[in-house]
Structures are given as structure tokens and as C-alpha cells.
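A short worksheet on the structure shown next.
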Amino acid sequence: MVLLIQLLNAVQYGLLLFLLSSGLTLIFGIMGVINLAHGSFYMVGAYLAYWFARLTGSLWLAIPFAVVIAFGIGLLLETAIFSRLYKRDHLYQVLLTFGLILVFEELRSILFGDEVHGVAIPALLGYSIPLTDTLSYPVYRLFVTAVCLAIAALLYFVIHKTRVGMMIRAGNSNREMAASLGVNIPLLFALVFAFGMALAAFAGAVAAPISSVFPGMGNQILIICFVVVVIGGIGSINGAMIASLAIGLADTLGKVVAAEYSSVAVYLVMAAILLWRPQGIANKA
Amino acid sequence: MSPITLPRSLLIAAVLLLALFPVLGATFYIQLGAKIMIMAIFALSLDLLVGHTGLVSLGHAAYFGLAAYALAMISPRYEAANLWLTLPAAMAAAALAALVIGFLVVRTAGIYFIMVTLAFAQMLYSLFHDTKLGGGSDGIYIQVRPELTLWGFKPLDLENPTQFYYFVLIMLIAVYIILNHVLHAPLGRALAGIRANEQRMRSIGFPVFAYKLGAFVLAGALAGLAGYLAACQFGFVNPDILAWHQSGIVLMMVILGGMGRLHGPVLGAFAYVLIQEFLSAPALLGPYAKHWQLAMGGLIVMIVLVLPHGIGGFIDIALRRYSYRRIQANGAAES
Amino acid sequence: MSDALLQARGLSKSFGGLAAVDNLSLEVRVGELHAVIGPNGAGKTTLINLLSGELPASSGDIIFGGNDISGLAPEKRARLGMGRSYQKTNIFLGFSALENCRLAAQSREPRPLNWLRNALSYESVMGQARRALDAVGLAHRASEAALALSHGEQRQLEIAMCLATEPRLLLLDEPLAGMGMEESLKMVQLIGRLGENHAILLVEHDMDAVFQLARVLTVMVDGKILASGTPEEIRANRNVQAAYLGSDNELR
């Protein structure tokens, strides 16, 4: 039964990772931009949700608020800064987005301080389902899992079954061709970027009651997302899903087996994959 | 092809300037100078990878930090360690880590390479932060700096800030000279070829993987030297020394100063530390001084958008335009 | 009759369902320039990539100098004596012409662990580089940046780089591409001279050059060999005339 709880946690964590990583891998795959500040948007979502929830007393209101604001900031950033990075060397993308991380972290410090803040779970979801006499599982975590699954399904549907998705996949493999076929590339890129940021913010907002909001929360999870993208292959949503769940399992199993070394477990999985298949799981050679 | 190093006269002038500096400054500035030179060695080691071989590593602090931890962990508690033993040991530890990690990451390229170098550095950070290894998140103190004693003779007392400064200067000059030789030697030329056109290098018969791995290990060892010196100076080592923030900063120095030319990273180290001191000075930003990284971040964003080749590159391009115009003028005069 | 230096046996390469090269066998001998011609998309460059090792074959073997090299990486094949030039100029644009050839020559005497001597001081390597430049007629442009060379000179440098590695076999992928009349003539003379003591596989569209240089001619269509033989046999072959040479096709 304890195993079931660990498994549920692993899936929930994995799905949350998927939300973050899917945005990251799409932006890599389609625009060819490496964005270190992706994690900062996770943090932005969490802190905005925290702040707005404190203001209004309702997390239900805070989450959409955070997502909309993040989408807006994402659009702004894309048009002002990122659109100039697409043709630049990865090196400069890394440097610029590193600068952005510093900016976001300091803004967070100025506006919200450096302490850890808890975020209240909405009353509706604030109870636990009993599994045995002594063990129960928080409903909020189940809610997070369900929401992530719903979004994953929506994402899959959009990418594979709609015209927009087709444009995205076309842009993924051949930008010039897609442009010559009439796809408005700059608009598509701006929307994809902003959507990726909104997704990250959503993940942060939704996870806030579970993980609390704290300095550096975005950067911490970003590196795990990088591992997901490396394992799953750049541009592959399917790969991101498989890798996210694998990482979720590795992390949780690691905590069970050797608590201190659990964080290392994730990287060891990555190392193993690198030895076996450097180009990632889902991408063909 | 642009020259890798400055004309000899300029180099000698720079060395003299650095050598005379302690005569003029207060202890604070001498220590700042030593810190800058240590970061310069760190940046030079990364430039070998980024600027010369074309490998963008975002996890270089791993080797910097490992060597620092090596010193901290093998130093006796209240006595001075022997530098002649501990420095090679620390550099060897860093080089070994670079060999193992390099073997795994060098097979990747582009964005993947950036991500996996970052990930492995983060792995080491997690290892030192979450476990009790190396004092966990609290870190370890190095109460006494290592000694240079050999057969009873002590050429420099590293506890003395000025003598430590000169020791670091000697190390910086040594690293600069070694890298200068390496870059002009067949190995360095091959690395330049790999950066320029890896496919063609393979096609003409170079074992590209081996060369990249070699560069990775050498860069790791030199980063280890810098990390060792940093641990000596600061007297305290904690997981932040391996953090990706540290990797980002040294990458920034390399790009800021201009890549591919030996003076670039040195200039970058000076520029970064001086800008940091400037921005965090209470006189400038007042109560917001502790948020100086906001200004630093903004500055970085501006520089990347406006100056595509870094400060050093900007200077080089300006110089080239100036000399080109002079040649044109001379040519016109002669014809 | 010497043994073939290079033998490809049953070589195939598929991308998904598409066979770019299909069960292809051929031989290249020293002194017998073997030209491969065919319409665009016939798989000629894929063939060269398979032989040089840049593409792994789906099936088949490659024997070079009596050894099976089918699984070897490109750099290993190069060190065994294979040189390859590219259809799209693939030189080191930022380096001088001499440095391009010097690097190529260095691959034979790498000396990676000698950190003390300047690479330019190794006389044997420098000599080899200069000889390669001389052979293609670029000696007077040695110190020019490759970027500053004309297209024709860059194609010559492309060949010089191969020569600097002192190969036994040359895989030449459309060396005359984009060249003017005079440059083409010089290149054809060069290839002819090289063909005397190297094994050469030449992929070309320029029919004049092909019929002048080739002792063996193979026609590829859709990844398969349509016909193979002496130039006269090929010229007389009806299938080849219909598929490729045709009365409407230009002879340059």
C-alpha cells in the first residue's frame, strides 16, 4: 500500500514535469532556442498564484490569473527579445536567458522576499481519501494528476489532430517550407512561446500548494526538465511523456531506496541513456 | 585568421602592471586582484572548450568545485596541507571527473551537449548538497592555507595576502603560456579545425571524439587549478561552488571578454568582477545594492542583444576596421 | 590485372521505405578511373557517403585493400588511405589555403601530445601541404584565406586537401561543379594525372570530362546499376541512351 502511494506520487510528479518539459521541448524543436529562463516562469506562476490567492483567498481564481499574466509576459518577451535569438548561436541564447534568470530571481526577491511561503489548498480539495486503516492519499494530488493528464491529452490532440498542430509539426521539421506554404511563422512562434510559458506558469501555480513557493524553485526543476528533454529527444512530445514518467519513477524509487542519493538517481538514468542512445529515446537516429 | 594572443609588448606591459599592483593598493584590493586572476584562470580553461573547440559547456563549475572540495577534504583540520601534494591531487580529481563525465557527454552535440554538461554538474551539486559528503549543505572550512614548503624551504607564505597574490599571478602566467603553446601546437590546430568544420576533420582522418575528450579533460584540470586557488583564498567550500550559477558566471566571462583569443577570458574576468563590485557598491544602488544581480542580468541581456561578439570581439573588430582603413589609405597613396 | 583496391558488394541503403542505393556492387582499381554517372537523385552521393563511411549501410560490405571496412567510422577509413571530396565545397573557410592542407597533412602525423612545438615548424607536414597545393596549381594562393578564393580555386583546394592526406583511393563528388571552361580543363588534366597512380571513383555530370577520363563507367538509376563497362560499351548501350544520355541531353 505504501508502494501505491509512492507510485501515485511518482506519476503526479512525472506529469507535472511533463507539463514543464513539453513547453521546453516544443520551443527547442520548433524555434531552436534554448531557454534557461523557462524555469523562471514556473516560479512566476507559483508566486503569482500565491500572491493572488492571498489577496482573494481563492486558489481557483489565482491559477487562471497567473496563467493569463504569464501568457502576456511570454508574448512580450518573445516579441521584444526572443525573436532576435532564433538566428543566434546557442551560446548567446544561453547567456541571454541566464541574464533573464538573474532578473527574474531578483525581481522575485524584491517583490516577495526570500522566505518560503506556503499556499493553501482550496477547501474543496483539502481532504484525503483513506486507502487503509492508517494510510490516506491527499485529494489535491489526485486533482493535480488529473488536470495534468487532461492537459497532456489536449496537447496530444492539438498537435496531432488539428491544423494548428500540423503547422507546429511542419515548423518543427522545416521552417522555410512551412513559411512558404503560408504559415505565419512569426505569429506562430510568438504563440507557441507564450503558450509554453503559460504552461510552465500553470504547472507552478498548480504545484504551489504541494511544494510551497521558495527561491530557486524554478531553476531546480528546470534542470530536471533538461534531463527529460535529453532522454525524450528534442521536439518530441511523446518522448517527453515517457521520459517524465521515467524520471518521476526514478526520483521516487530513489527516495525509497536511498533517501540522500535520490536526486542523483535521476542523473544516473540520464547517464545510462547517454551510453545506450545518445539521441534520445523517441527520436530516430 | 586573427592572432590568438596579443603582441609581446602588450603582454609584458600587462604582466608588469599586475606585478606592480600590490605596491599601490590596500589589502582589500590585493585580495580582489587575486580573486580576479583566479577567475581568469577559470575562464581561460572554459575558453579552451567554448572558444577554441566549439564545445559550449554549462557545467564547468563541476571541476572548479571538485578540486576545491578535494583540498577541503584532504586538508588536515588545523594544519597547513602541503601544496606540492594537494594541488596535483586536486587537479587530478578534477581531471578524472572530466574524463568520466566527458566520455558520456562528448558524444552529444549542440543543445544536447549544453544540457547534459549542466545536468552532470547539477548531479555533483546534489551529491554534495543532499548527502553528508563534504559537510553537506554546510560546507567545510579550510582553516589554514596550504604551504609551499619543500625540503624546509618556503618560497612564499600563502597566508600573506600579497604573497598569495604573487603566487596566483605566477599561476596565471603559467596557464597563459601553456595554453598559448597548446593552441599553436598540432593539438590546438586540430581543435580549431574541429570547431570550424567537424565533419571535414573526420573525413580527413582525425579521431574527433578523442580530441574533444582530451580538450574536455585539459579544461577540467585547469578549472581544478582555479578551484583549488579559490578554496585557498576563501577558506571555505560549500556546494554553491559547483552550482550552475557559477557555471553561468564563468561562461559569461568568456563570452563577455571575447572567445578564441587568450586575452579575452582574462579581460572578461576583470570586467565581470569589476562590474559586480561596482553594481553591488552601496553608493550606487543604495538599499537595492543587494539586488545588484538585477542590474547585472539586465546588462547581460543588453550586451547580447547589442554586442554580438562580446567586449573583446568588439575591440578586435574595431581594430581590424581601423587597420583595414589604414591599408586602404596606404594602397590608394601608392597607386 | 591488379586486384581491386575498393570493392563494394551488395551495398544497400534505405531511408524508411525508400531504397536510395539498392544492391550495388562495383570495383575500383589503381590506374583505372571509374566514373559513376546518372540522373539527379540516382543515389550517387549516397553511394559516396556509404563508401566514405559517413552513412552506415543497411546491408552489404565494403572491402578496401583486402580488408572489410564495412563497420568502420569515416576517420578510420580516411587513415587507411581513403580521400573524399565533396560536391558542396566543404573546406575550412576561415583558414588559409595552406592551413587547410596542413591540417589535412597533420592527420597523418597527428602528434597530439606534443604541446611545445608550433605546428608550423614540422617540416614534413608543411612540405606535404605545399606539395598538395602545388599539385592542384594553388601554390601562389597559399596564404590567402579560403574564403577569399574564387569558386574554382575552392574546388581545387577541396581536391588539394584530399591529396595532402596521401590517399590511395580518391572519392570525387562532382569536382567540376560550378566551374568555368578553363578551370574545368585544368581540373580534368589534374584528375587525369592523379588517375595514373591512384584509384579514383568519380561522380560527375560533365560528360566530356567523364568520357575523357574514365576507363570504367557505371550508370546508376534509382539507386541501382543500369549498366557498367568501358565508355564505348556504355555509349553504345541502348538502355543507357534511353534512360540518361538520350538525344536531347546536352553533352557539355
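Quick notes on this one:
Labels for the chains are A, B and C, by order of writing; each one numbers its residues from 1.
The working rule: a contact is a pair of C-beta atoms (placed from the backbone, for glycine too) under 8 Å apart; a residue touches a chain by one contact, two chains touch by 3 or more.
In this text, all values refer to a predicted model and were calculated from it rather than measured experimentally.
Chain B has the Cα centre that lies closest to the mean of all protein Cα atoms in view.
Among the other chains, C has the CA centre that is most remote from the centre of chain B. Averaged C-alpha coordinates put the centre of chain B at 43 Å from the centre of chain C. For the pair chain A and chain B, the distance between mean C-alpha positions equals 32 Å.
The geometric centre of chain A is 49 Å away from that of chain C, both derived from CA atoms. Multi-chain contact residues of chain C, defined as those touching 2 or more other chains: none present.
Looking at the complex, you find that chain A touches chain B at residues 28, 32, 34, 36, 81, 84, 88, 90-92, 94-96, 98-107, 109-110, 219, 223, 226-227, 229-230, 234, 260-264, 267-268, 270-271, 274-275, 278, 280. The residues of chain B lying in touch with chain A in their complex are 50, 56, 58, 104-105, 107-108, 110-112, 114-116, 118-120, 122-123, 126-127, 130-132, 244, 248, 251-252, 255, 288, 291, 293-294, 296-301, 304-305, 308. Remark: chain B residues 1, 178, 181-182, 184-190, 192-193, 196-197, 199-208, 210-211, 214 touch chain C in the complex. Taken together, the chain C residues at the contact with chain B in this complex read 52, 54, 73-75, 78-79, 83-84, 90-96, 99, 102-104, 106-108, 110-120, 122, 145, 161-162, 164-165.
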